[in-house]
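Got a structure here, written out as structure tokens. Questions coming.
We call the chains A, B, C and D, going by the order they appear; numbering starts again at 1 in every chain.
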Amino acid sequence: MFSQSTGMFVAETHTEAVTWYFTVERFLVQGKTQYQEYQICDIPRFGKTLFLDYKIQSSLLDEFIFHELMSQPAMVLHPNPRKVAVCGGGEGATLREALKHNTVEKATMIDIDEELIDMVRVHMPEWHQGAFDDPRTELLHTDARKYLQENKGAGFDVVLSDLPDPLEAGPAVYLFTKEYFQICADAMSDDGVFAMQAGSASINYPYCFVSCLKTLQDMKDVFPYVRGYFGFVCTFMMPWGFILASKKHDPLELTEQEIARRFAERGVKTKYYTPRTHHSVFTLPDYLYEALDQHGRVLTDAEPFVWTA
Amino acid sequence: MFSQSTGMFVAETHTEAVTWYFTVERFLVQGKTQYQEYQICDIPRFGKTLFLDYKIQSSLLDEFIFHELMSQPAMVLHPNPRKVAVCGGGEGATLREALKHNTVEKATMIDIDEELIDMVRVHMPEWHQGAFDDPRTELLHTDARKYLQENKGAGFDVVLSDLPDPLEAGPAVYLFTKEYFQICADAMSDDGVFAMQAGSASINYPYCFVSCLKTLQDMKDVFPYVRGYFGFVCTFMMPWGFILASKKHDPLELTEQEIARRFAERGVKTKYYTPRTHHSVFTLPDYLYEALDQHGRVLTDAEPFVWTA
Amino acid sequence: MFSQSTGMFVAETHTEAVTWYFTVERFLVQGKTQYQEYQICDIPRFGKTLFLDYKIQSSLLDEFIFHELMSQPAMVLHPNPRKVAVCGGGEGATLREALKHNTVEKATMIDIDEELIDMVRVHMPEWHQGAFDDPRTELLHTDARKYLQENKGAGFDVVLSDLPDPLEAGPAVYLFTKEYFQICADAMSDDGVFAMQAGSASINYPYCFVSCLKTLQDMKDVFPYVRGYFGFVCTFMMPWGFILASKKHDPLELTEQEIARRFAERGVKTKYYTPRTHHSVFTLPDYLYEALDQHGRVLTDAEPFVWTA
Amino acid sequence: MFSQSTGMFVAETHTEAVTWYFTVERFLVQGKTQYQEYQICDIPRFGKTLFLDYKIQSSLLDEFIFHELMSQPAMVLHPNPRKVAVCGGGEGATLREALKHNTVEKATMIDIDEELIDMVRVHMPEWHQGAFDDPRTELLHTDARKYLQENKGAGFDVVLSDLPDPLEAGPAVYLFTKEYFQICADAMSDDGVFAMQAGSASINYPYCFVSCLKTLQDMKDVFPYVRGYFGFVCTFMMPWGFILASKKHDPLELTEQEIARRFAERGVKTKYYTPRTHHSVFTLPDYLYEALDQHGRVLTDAEPFVWTA
């Protein structure tokens, strides 16, 4: 009945309720950049897996779920996305998804951690699949917020905000606030679409997600259409929340047929977010609406969200 | 950066990839019946939680997600469920959900583990909420398969199969086979609806679910409508799969309006499976269809499914 | 090669180097007094085991090692111990060891945690073996330091200080200082013997032990003979350090024969600390003398020892 | 009160009672030879540490304790050790200890795992300290038993058997049997001294140690003097047992003065096994004698010891 552990493990604490011990068959790469520690490991069933600061980031098993959700709903919603910004997105897979759309003329990825990207280029080709070398890609290593602020009016059709969770009072904290969302809006075109990863959509810890949703909903003049959506990321062992905020187009009005048409036209193939599943990923469970009412608050630079669990 | 553990934990191995250590604030009840070991614990954020054989079963945080999915799609699909059978369902919450429908005249729960039920009655009132004492309830402690076999033609409108996963070659193994499903069908009315919990719907371990689906799909003459559905159960840290097999009614044809009407008419209130979310829970991700093709096989008493991970 | 955990565990962090997960077959008793949380568990091979604040305290497997070392070297060194004080010693086993000497007329045990002692009486009879009901026993529930201070001149022949480690800035911290040792001395007879448990004697964490040793060595006028000694306590998974401080008698001058004679005369039987092993338990490894030189400091109420690892 | 884990760990199961999770700051080297998997890690407080098959082998913190005990009692007992065999001893530290004696003319180390030794040479210089390159060293990669059998009459003055525990039915199992000990004796000089590491000397698992002791005691004609001894190895978190078997000289007759004289004469410096501690390391606790009576059995090729816990 009882059994005990032998082997190598990476442990991650997920709220006070549970700690995960991931079985490691092999540590492939380990290191430390100016910003974070990283490990790439082989994990049984998950395959190659990236940890940043001992938080699991993505595994070969299902990175496509996260990265398609991160990119495709916004990309497909825009009728003609030519200019795209990816904020963060170190693995290069969000960029990869954006570049699938043959409408894209330029994709600017702004990730502050150059050392990490250099490592990713070499050791995580299954993720970026050459996206960094796509002639349409511009890769910048600076603070995403600062860059967008300096590029007000740049007219990005789509901005994909794939940033680390605001884990402690630190730089990422100010990339989940109203001021940041306004900066994004100001760098977007008049029919621009913004999408962000917004943290856990689990009933156990929906706090970051619902406050981001509340904040964007509070910007009706800027973003008339704000829609939460989610998917289950096996690697994270929880449903994950995203938010789409749009200046002109409403994702709920996109039909399965129209999505299929655009994907076909633009040469896009996906595995999780598909025309068929579009509406279900936008159907949030009631508990998230309850949490929005009870726990959602407008996040500002003065009172940002700080992950505490 | 590093931190280490102090306290009480229940550890559960979930495939070779990961072990979960649940933090325990207090062990409320512990014991061993003829069939299984159990613990009821207080877990931070999860609240009161039941473990059977060191597998987490349900917690106050989100037992409603599992139990609504287990019961409500089948119950609401039947136009007038009067006679219901619950196979297994020890916590009494599947029974509770069925009894919400005021059409029900008799609900027969068949759970072999009398000692466990006696314990549940006393220590898990938040789950059963008095369902065991409902005058419509008949509670039997025998093997569910044997009982249904002996009650061929009993005419159950709904059969809810809430049985433990077929973890090892053991009794539960023969409650996930074509022969068992046939026995269920034979005890059902002509427009009867069968629903079962069928295990993980995660990309990491969809094997049991897709083989149950394959098996029921292979019984077209008996069940013309077989539909997989799923929901994310936070306590299980994965999406969970269910299957509805119906002799006459197709859940995909139920509209949001009709479900709302039936719920209102029958006095049913739910929190996760609602008219609004009905269609999204029946929208399985593509990876499950792929797994069905690749790994699904027809389960029989001769070649049953045995959980190996 | 790999294996993973299933079951119930108590985890204890032992320095930054290692965390111990003790396998629990059953939690027998759990609770919380005014001072501490406790669990009594069945652990494979260890048998019944006590945890206080998630620190393992003693198990049936080898509690005799700790408690004999805690009591017998001091007891046997005194030529005629009639009056004994036990400070702390909640399990009642230090008291039990002292009472083995038929010379003892009165044994005063001062343990502040009355609730814990009440629990121990009922659930840990294998430890106290009736010692609490011995007519020679006086059991007091007050602060040991305060009691001894108020009983200056009481003339205890032996004082056994079996107190919890000074884990954080808290009450126990002031029971490991020069001032406390002086209070003990003042309550002792002119040829009194003091012994204390002083924490880990492992090369990994000898800091508390060597500072207690340094402190008592700094009290030459009071205690001309100060001797560290140690034994391996399997349950603690490390060698454990004790200190004997004596006003008149030197344990190093006791011969094997004399110890055997006294034990026989007084009706004492032991299993770990025996006449044969006396000298080896007083033979500390060199690393402890090195640690004494490098890390030992005189502990005072103003600058006490606080366990930090 | 509660805390949870974050970081990298190596887990080792130590009997059913407890699992150790060692905190890893960095994995320095990892690999797999024909015979075993290995990791070299930085562990807080322990420093650089070697794991073989996920069993902790030695750390910089206290490898000297194990390796001095492994080598020095036998080396110093022989009046003039010129020819030494080291069986196993992969880290090169047992060899290093033997070579400290300037009487040694030739030290033959026989370790079957050439790949491991090649790795050790490069990555564990703190252990071997150049011993592999000492002109007196002969390094062979073959089975130690086979080599000694083929070198009957070789006249080794000292044989140091530093072999892995007989963990499962495998090659090491036949290096803990009477037949192996006889082969060693036959390759030794008339006044040869044999020493072996014999496993845990903890009250929790003394089985291998006491059976090795019983076996060697059963060879009185060959080894008139058989003495168990032990020391606490912090890295192993238990006291560790060794056995010295001698054809002519009895370690119990060596005085502190004589050991000091020999060490001085031969230029040997030690930190744990010293003239002062010699007698205490040979003073086994009573529980080992009890275990010898109850659990000790003569080990043979037909009925060897196989570690089961």
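One rule holds in what follows: a residue touches a chain if its C-beta (ideal position, glycine included) is under 8 Å from a C-beta of that chain, and two chains touch if they have at least 3 such contacts.
Computed from a prediction, not measured in an experiment: that's the story for all the values here.
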Problem set entry | Touching chain A and also chain B, the following chains | C, D
For this session: Enter the minimum step count from chain A to chain C; a value of 1 means the two chains touch.
Result: 1
Exercise. So what's the Cα centroid distance for chain B and chain D, whole Å?
Worked result: 56
Exercise. Where the centres are mean C-alpha positions, what is the separation of chain C from chain D, in Å?
Worked result: 33
Problem set entry | Where chain A and chain D are represented by their mean Cα positions, the distance between them in whole Å | 54
Problem set entry | Residues within chain C bordering two or more other chains | 1-7, 9, 13, 16, 19, 21, 23, 44, 54
Exercise. Can you list the residues on chain D that touch chain B in the complex?
Worked result: 1-7, 21, 23, 25, 44
Seminar exercise, completed: Listed in rising order, chain A residues that touch chain B in their complex are 1, 3, 5, 9, 13, 15-23, 37, 43-46, 53-54, 61-62, 65, 202-205, 231-232, 234, 237-239, 271-272, 274, 276-277, 279-280, 283, 285-287, 309
Problem set entry | Complex interface listing, chain B residues touching chain C | 2, 4-13, 16, 19, 21, 24, 26-27, 30, 39, 54
